[in-house]
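Got a structure for you, written out below as structure tokens; questions coming shortly.
Chain nomenclature is as follows: A, B, C and D, assigned in order of appearance, with residue numbering initiated at 1 for each chain independently.
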Amino acid sequence: MAISKVVSSAEEALQGVESGMTLMLGGFGLCGIPENCIEELVRIGVKDLTCISNNAGVDDFGLGKLLQKRQIIKMISSYVGENEEFERQMLSGELEVDLIPQGSLAERCRAGGAGVPAFFTPAGYGTEVAEGKEVRIFDGKPHILESALISDFAFVKAWKGDSAGNLVFKATARNFNPMMAMAGMITVAEVEELVPLGELDPNTIHTPGIFVQRIFVGEKYEKRIEQRTVRHA
Amino acid sequence: MAISKVVSSAEEALQGVESGMTLMLGGFGLCGIPENCIEELVRIGVKDLTCISNNAGVDDFGLGKLLQKRQIIKMISSYVGENEEFERQMLSGELEVDLIPQGSLAERCRAGGAGVPAFFTPAGYGTEVAEGKEVRIFDGKPHILESALISDFAFVKAWKGDSAGNLVFKATARNFNPMMAMAGMITVAEVEELVPLGELDPNTIHTPGIFVQRIFVGEKYEKRIEQRTVRHA
Amino acid sequence: MLDKNGIAKRIAQEVRNGWYVNLGIGIPTLVANHIPESIDVEFQSENGILGMGPFPVDGEEDSDLINAGKQTITAMPGAVYFDSATSFAMIRGRHVQLTVLGAMEVSTSGDIANWKIPGKMVKGMGGAMDLVASADNIIVAMMHTNRAGASKLLPACSLPLTGVGCVKRVVTNLAVLDIKDGAFHLVERAPGVSVEEIVQSTAGDLVVPDEVPKMSI
Amino acid sequence: MLDKNGIAKRIAQEVRNGWYVNLGIGIPTLVANHIPESIDVEFQSENGILGMGPFPVDGEEDSDLINAGKQTITAMPGAVYFDSATSFAMIRGRHVQLTVLGAMEVSTSGDIANWKIPGKMVKGMGGAMDLVASADNIIVAMMHTNRAGASKLLPACSLPLTGVGCVKRVVTNLAVLDIKDGAFHLVERAPGVSVEEIVQSTAGDLVVPDEVPKMSI
């Protein structure tokens, strides 16, 4: 019988999350973020968090909610605009920010999950990102050594999942979720729909359940759009 | 309009393959191997090939066919049993063999396709695989530096594909095919079925068409089973 | 002199049939509007789509389907979604044939600065460092001068770098310029723009050939 | 003394609820037959399946569905297929809780040799080096002595190594032994096997406690 990862609520899913931990949160902008886990992090009020997430939400949504409550002391991200509170905390020194090229961030999470402690990439060579990092030439081109990232908890959001923790994402809401699922010591997946075991086609699962320790159905999804853009038909 | 990669035959798909080239061939054992590309390689008779493939086929099927014709001078593989002609050529020195741990082989192909020139892995540390390779300790554990693999041509076999080169694999016939598709300078995909553009669900494509330069429908698939094993119901 | 759409239109002429193209935010995004029907290209957005289509019509926005600028988009037939690691495998592995992005400064050695102004709020580099470090073919789309009228084509960048020695071509409101051998090389001038004006507006070494054709756009 | 099935049965007792398990070819494969119904485990095969089921019934073999031993298999509900890079990401990234594999030799320092005999045809290491280098929990399943009667539990391996300092427990036809502090530690003896016989058959340093329980299988 497949191993069951189902928990009944965000509260149960976040058991063991403590102040001072390093968390990964999937999503790109506000797309594919673990809304219910973020709500629960706000509710339990853990502090001094290091958050690894491509972005930092907006003022009143996504990680912005944790920033408003001053629960985060360090962000590891590739792009953190769109957030006044973030800017204020960063400029005042309350918030430490480690900016990483987006591809390096993605690959460092994957490496963390895949047991690869370090790898070479050309991204950032010759820039301040390379400061203090080993440089090596491959095929005539300089590369820098980047290290793997792991986290105490990873929070990811999927479209569908099953009790074994298998996940399927929708469209570009996939983004960082699969790599972060791999890199969490404990990975919590929140899903829009929990389907019966065996219903997901084993050929089309994005994240195998082995990477997921807990799964629950999110109570409510706002799925806010950051830049609503339409064409005139 | 999506870029079309469709060619009409194996012959057209293999245009430009020359003696002395390095080729990657997907498959695990005889499962998911590019049968029609192998047939065409035999037909055009190119020689002195370096073949990167997890296995080397059996005497009369898969890469064994190229070995019989003495078209291969070097194999890069993780496991090469089940093949008497292989053994004869290897012991006589006609065939050079580079054995690589299976996970390192998979990751080296992915790295080649992903622009990561080298990475650290614990696999093989303290064994002859580590000879001449850089060793570095991460988190108290020794790792060796492995380099990326690329190839002049990669031959992969998928279940379904579309004209844009998007591929879907079936069950464990996926194996090395996706990484090799990434690592070929020219990647040729042979498929059991070519479906109309737009028919594959964009959420469930395993290999995005960007990694595939040519695609064709295989004329015939034997799909031989290497170890037929059944239970008594 | 070109407007933003003019710059995008000129860059569209650089695109070849069968190319995968990554367009940055701003002027580069406009390039998609000017690709001729006769050319098949696919647009990659680094947040995880290949085969990006136009913006949706009103009412058909999908919050799960956005581009790297976080704008709602659509998908073309043959599109595919993937995760961020795979997306940058495409970019870092040089499977994307053309990257078009904006810049604050470009230097005669091909350096580019486009992510950080010291003393101002730093938003981050996003995928720009990966894109410029890997693409074989990088075109910078920008105004020739900044709002204060100072040249953005410099002997050396003064701002923190995004990438080193990577830019090969720049298309501005005034000109098309190639970067090689430590200098800008004037390739074309925009309609209504004189060579003198380009020389005036270019702070880095500029090689001007005897004949400078006018852009045909 | 245990037969192969007995060894597998004893190893099955080591498996805990909720574990992902990779079973090597030979005796390890038999472990799957002895997991109690009350325990939920999933079997990973490194060629790309999690949730491997039993062999198919005659006529239902699928050439596209095999295990790492190239045998036709079936998939359980909740199974998932993946590529080889993802498979070894699971293994290297320590997401698999238990690896069971065979060996030619094991040493008192936890080294294992199971892939190559000099002078004989070398078939390759397959996934064994990745598995032993990464798993937190490696159990070796093997006969205590080779066909010539010589011990396979040695002060140091004489054959080319597969991995260094990685084996923590060995289950043989004679005994269960742990490896720590540079010695084998006798944990249990097989039914009908005396401590003396185990001592005789073990070439590496062997620590024997006062009380050596008999396996209950």
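A few remarks follow.
The rule is short, and it goes like this: a contact is a pair of C-beta atoms (placed from the backbone, for glycine too) under 8 Å apart; a residue touches a chain by one contact, two chains touch by 3 or more.
What you see is a predicted model, and the numbers here were worked out from it, not measured in a lab.
Contact with both chain A and chain D is made by B.
Among the other chains, D has the CA centre that is most remote from the centre of chain A. For the pair chain C and chain D, the distance between C-alpha centroids works out to 55 Å.
Between the CA-based centres of chain A and chain C the separation comes to 28 Å, rounded to the whole angstrom. Between chain A and chain B the centroid-to-centroid distance comes to 32 Å (mean Cα coordinates, whole Å).
Along chain D, residues 49, 75, 81-82, 85, 88, 91-92, 134 each make contact with two or more other chains. In chain B, the residues that touch at least two other chains are 107, 110, 114-116, 121-122, 169-171, 202-203.
If each chain is drawn as a node and touching chains are joined, the picture fits none of the line, ring, star or complete shapes.
Applying the touch definition to all chain combinations yields A-B, A-C, A-D, B-C, B-D. Residues of chain A touching chain C in their complex: 28-32, 54, 77-81, 87, 90-91, 97, 99, 101-107, 109-110, 121-129, 159, 169-179, 206, 223-233. In the complex of the two chains, the chain C residues touching chain B come out as 17-20, 40-42, 44, 49-51, 75-82, 85-86, 88-96, 134.
Contact residues of chain C toward chain A in the complex are 45-49, 54-58, 60-73, 75, 81-85, 87-88, 91-92, 111, 121-130, 133-134, 160-165. Contacts from chain B toward chain C in the complex involve residues 1-4, 110, 112-116, 162-164, 166, 182, 197-198, 200, 202-203, 205, 208-211.
Every residue of chain A that touches chain B in the complex is listed here, in rising order: 107, 111, 114-122, 136, 138-139, 143, 168-171, 201-204.
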